[in-house]
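In the two complexes below, chain A is the common chain; its partner is chain B in one and chain C in the other.
So, the complex of A and B:
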């Protein structure tokens, strides 16, 4: 009996304390993002949070800065190519992975997600030397290869999860009705895994859009991605234009997460 | 394996080629690069030497930077664990719409770039920024804190970057613990703390283990955060390596530094795995 009152009393003190801790932790997680978005809408001249008055002047300033806009366009272009190539390669790899069984299947998974497991810096250094040797150093193609490599695991993991949901019996039924492998894929499997493929593409795009270290080491001559341009900007100017640039990339992420939630639901995505 | 299955295996070729040609091969190549002599007209020379390694191992400055990176990564990992466990616990108890919202909350930062999240801390910790204003307002400090370009801010920002990597696996592990086990331990007289220490904590270890390894490996090699928030005065291994590659163009020395960092990281991971092997076994039983 005493034991029970103890636990009960304990709980009355513990629950609000734990609640407060949780709130503080979530504030910690969101603080930098909220301040960036807030500071980007300031009507004042300084990067401040809370903003002084509301205005879109720093977005006008962002779009008037050729270096930042060029960075944005470059990032969008590289991200789009990355999304298309990684999903195509990942679908093929996912289909092949399904016929690998036992011990090898684990190794295959590790191999396919290697760019996620090895620190970005090491991969970037390796690629820097390699691209130099095959005379693709400082080229846009080289940078594109780096982005495809680093983003591939995101597409692969999403697509494999989707492929796993497709019952084997469907594929067998399709084959027994005389469909070729390609027909089975196009008419049965692809429509079923399409949400997973889209999710993979979105994740690959967002990852490519955010990459920094690989882009820094493989930076093409005269070309900057948005994160590189933003870093350079921050080194010399601490103006709310940077907050506007960062907010644009935060908005893209929110859009991506919202799309994924609509397509497959977040709990299955992570 | 049937002929069809064997043909289907060929579909993996582009992916295998991508990872082998542009990652495995280049990283092995890096080992060769680290034994090259320095070049005068090119970033590397034609002959071979072990000089870079002996230079790194005999120069106190490199040891100091390595130690700083190591301590930073250990601190980041520990703080990440302390921050992430309550969040993961809170998440694992949520269902339905609330669970979706919490996932979104944790995953959204994961989907914004490291640079953007680090830059946010520059605004938060500015002299007249919201953190200083709040602390001044609450009377906790008397003068605004100068946080930008300190090692403390680097640790804080790295913890912020890597919390999702720790929360997600721990959340998965906590969700896999049957509630009946916890109930059983409390019905056998364990109080909440005992139930946590003896049942929940060991059973969540399969989530803690990958979280700890991932955060440690990623934070010791993180470049952006120390470069942006650490200031010019203090070097970390990644900023030192990038300076050799992009600034002074001494690629062989940069490679040797990167390999030293990688080897030290692997030793730490192996040590952690060995030290916690018993705990892992216990959680499987």
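So, the complex of A and C:
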């Protein structure tokens, strides 16, 4: 093999081809975002890209619409609680998973990620009947339970990956120096897995913020999440206000990623 | 201020606790709840209509925003004995699903006095529901793109409109109604779904949208020139200066009908009757006609002159093509399946 070849063949040919592939991949990923962000600044009456003139009128309309703002606030509230609760529970589940050995370990992992394996609609219908049985149908707590259940695997997978990178010898060293289990967790393990914990929380938040089917069936009386409010809006008023709402959602996601970067650094989280 | 990991954990915990303390504000007692569609329907109902009823009964209110499928799923999960709220507005196709399962109370002039004044077609099977909102569905067309206006539904198959038509997905009741009309008009009867689907296949390819508000932008942009639309959408486009007009099809117009029912076992059943009575009142019916171009079902409503150019008059609405939705529900599975596989 010469300098001009590698596993995939001639480097002179393959390097530009891979470069083009990566560019196309980025275009594929970013084009919808660019389109929706561009359409949100249109000065016209229709959702259109490129925008007809530039205006902030659809952002003004978004914040003037109580249904959309209420939806945004409810999504933020549900998403925040989901992130905090799933993170805490996923840490406990991850620690428990480490002490389960043998074939039960595999079953435990599958059990923890089950909400990802079962179609969302089926989980939502099952939850709907269950919540009415325990008199939590059409309540915020019921919706919150649904979001936590659906978002838990995202936090769990991220946190377990972080826990696996902590050498057992550190725990043993901590114990040999007289630290209690809680002290070992708080002072040794938690700081080391914090990037994974933060990333898991962010994943859980973003997943909760985007959930549609579960929210559709479990939403409380008089309450709507942003995806539901947006769908209603697009059903009856197909205006660029929806693009403004989508852009705000994108900004919130970027804010979440920036938060992880600020707290733990993105490179440590992956 | 720098944001450390410790700050982050503290902030997160604080947010969770604050939310938890906020939960009681969502408790189910207190305000009464009724349902409504989202978007401008919700905003108008919340701002202009419900405050009057709330004042009338002396209780605050909630609006449950959604769509037929999710409401029906919730009512079924809750069971007839435990309805989430006292009265419900549903498209007639969904009302038909629930009425045979013992969910609804019988509506009479004693419990809903205004029902005595509604047009006869508005009273639904077994008096378990009453149509409170009738949105006429007409044929809208771009006057600058169509030389000769269509006269009726059958004209949609005219060669001059080929490639210019927009229609609904079969999940929308408008598509179901049009298919059943086509089955009867071109075939052997309303259950002749093969003929209906074959006829719509002749029009393909055409854009299929879920709701009329999604067809409207296509017509505004000139991507389609002819479409079945409710008159409220036609008015919206005309108000924006678009060259759009409509015809009431000579075979009869279709109607989006939204019926109101009261749950037999709701602890707030009387409030449900009062709400339906309020919806049927001349004041509310007139408000809906003036603001949404919804045809009044209350015969005592006097339409103002500026609404005369819209097909809202009770005598006209009474002649609209209507359907037995119990019958439609038996046809729908085959129709949906064939439509999805063919068009």
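Simple rule for what comes next: the second predicted complex is superposed on the first by the 222 of 270 C-alpha atoms of A that agree within 3 Å, B and C clash if a C-alpha of one lies under 4 Å from a C-alpha of the other, contacts with A are read in each partner's own complex, and residues count from 1 in each chain.
Basically, a contact is a pair of C-beta atoms (placed from the backbone, for glycine too) under 8 Å apart; a residue touches a chain by one contact, two chains touch by 3 or more.
The shown structure was predicted, so the numbers you read here are calculated from the model rather than taken from an experiment.
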First (chain B), second (chain C), both or neither touched by A:121: first
Partner chain in contact with A:234 - chain B first, chain C second, else both or neither: both
First, second, both or neither for A:25, with chain B first and chain C second: first
Touching partner for A:216 - first (chain B), second (chain C), both, neither: both
Which superposed partner A:199 touches (first chain B, second chain C, both, neither): neither
First, second, both or neither for A:129, with chain B first and chain C second: both
Which superposed partner A:244 touches (first chain B, second chain C, both, neither): neither
Which superposed partner A:163 touches (first chain B, second chain C, both, neither): neither
Chain A: partner with more touched residues, chain B or chain C: B
First, second, both or neither for A:92, with chain B first and chain C second: first
Chain C-contacting residues of chain A that also contact chain B: 47, 125, 128-129, 132, 216-217, 231, 234, 238
Contacting residues of chain A [partner chain C, same complex]: 45-47, 65-67, 77, 80-81, 83-85, 87, 125, 128-129, 131-132, 137-141, 191, 194, 198, 201, 216-217, 219-224, 228-229, 231-238, 259, 262-264
Complex contact set, residues of chain A against chain B: 3, 6-7, 10-11, 14, 18, 21-22, 25-26, 28-33, 35-36, 39, 47-50, 89-90, 92-93, 95-100, 108, 111-112, 114-115, 117-123, 125-130, 132-133, 145-146, 148-149, 152, 156, 181, 203, 206, 209-213, 216-217, 227, 230-231, 234, 238, 242-243, 246, 249-250, 253-254, 256-257, 261, 265-267, 269-270
Residues of chain C that touch chain A when the two form their complex: 3, 5, 8, 12-13, 15-16, 19-20, 22-23, 26, 28, 31, 33, 37-43, 46, 62-67, 70, 73-74, 77-79, 82, 84-85, 210-211, 213-214, 216-217, 220-221, 240
Contact set on chain B toward chain A in their complex: 1, 4-5, 8-16, 18-19, 22-27, 29-30, 33, 43, 83, 86-87, 90, 99-100, 103-109, 111-124, 126, 128-130, 160, 163, 168, 189, 191-192, 217-218, 220-224, 227-228, 238, 241-242, 245-246, 251, 254-255, 258, 262, 265
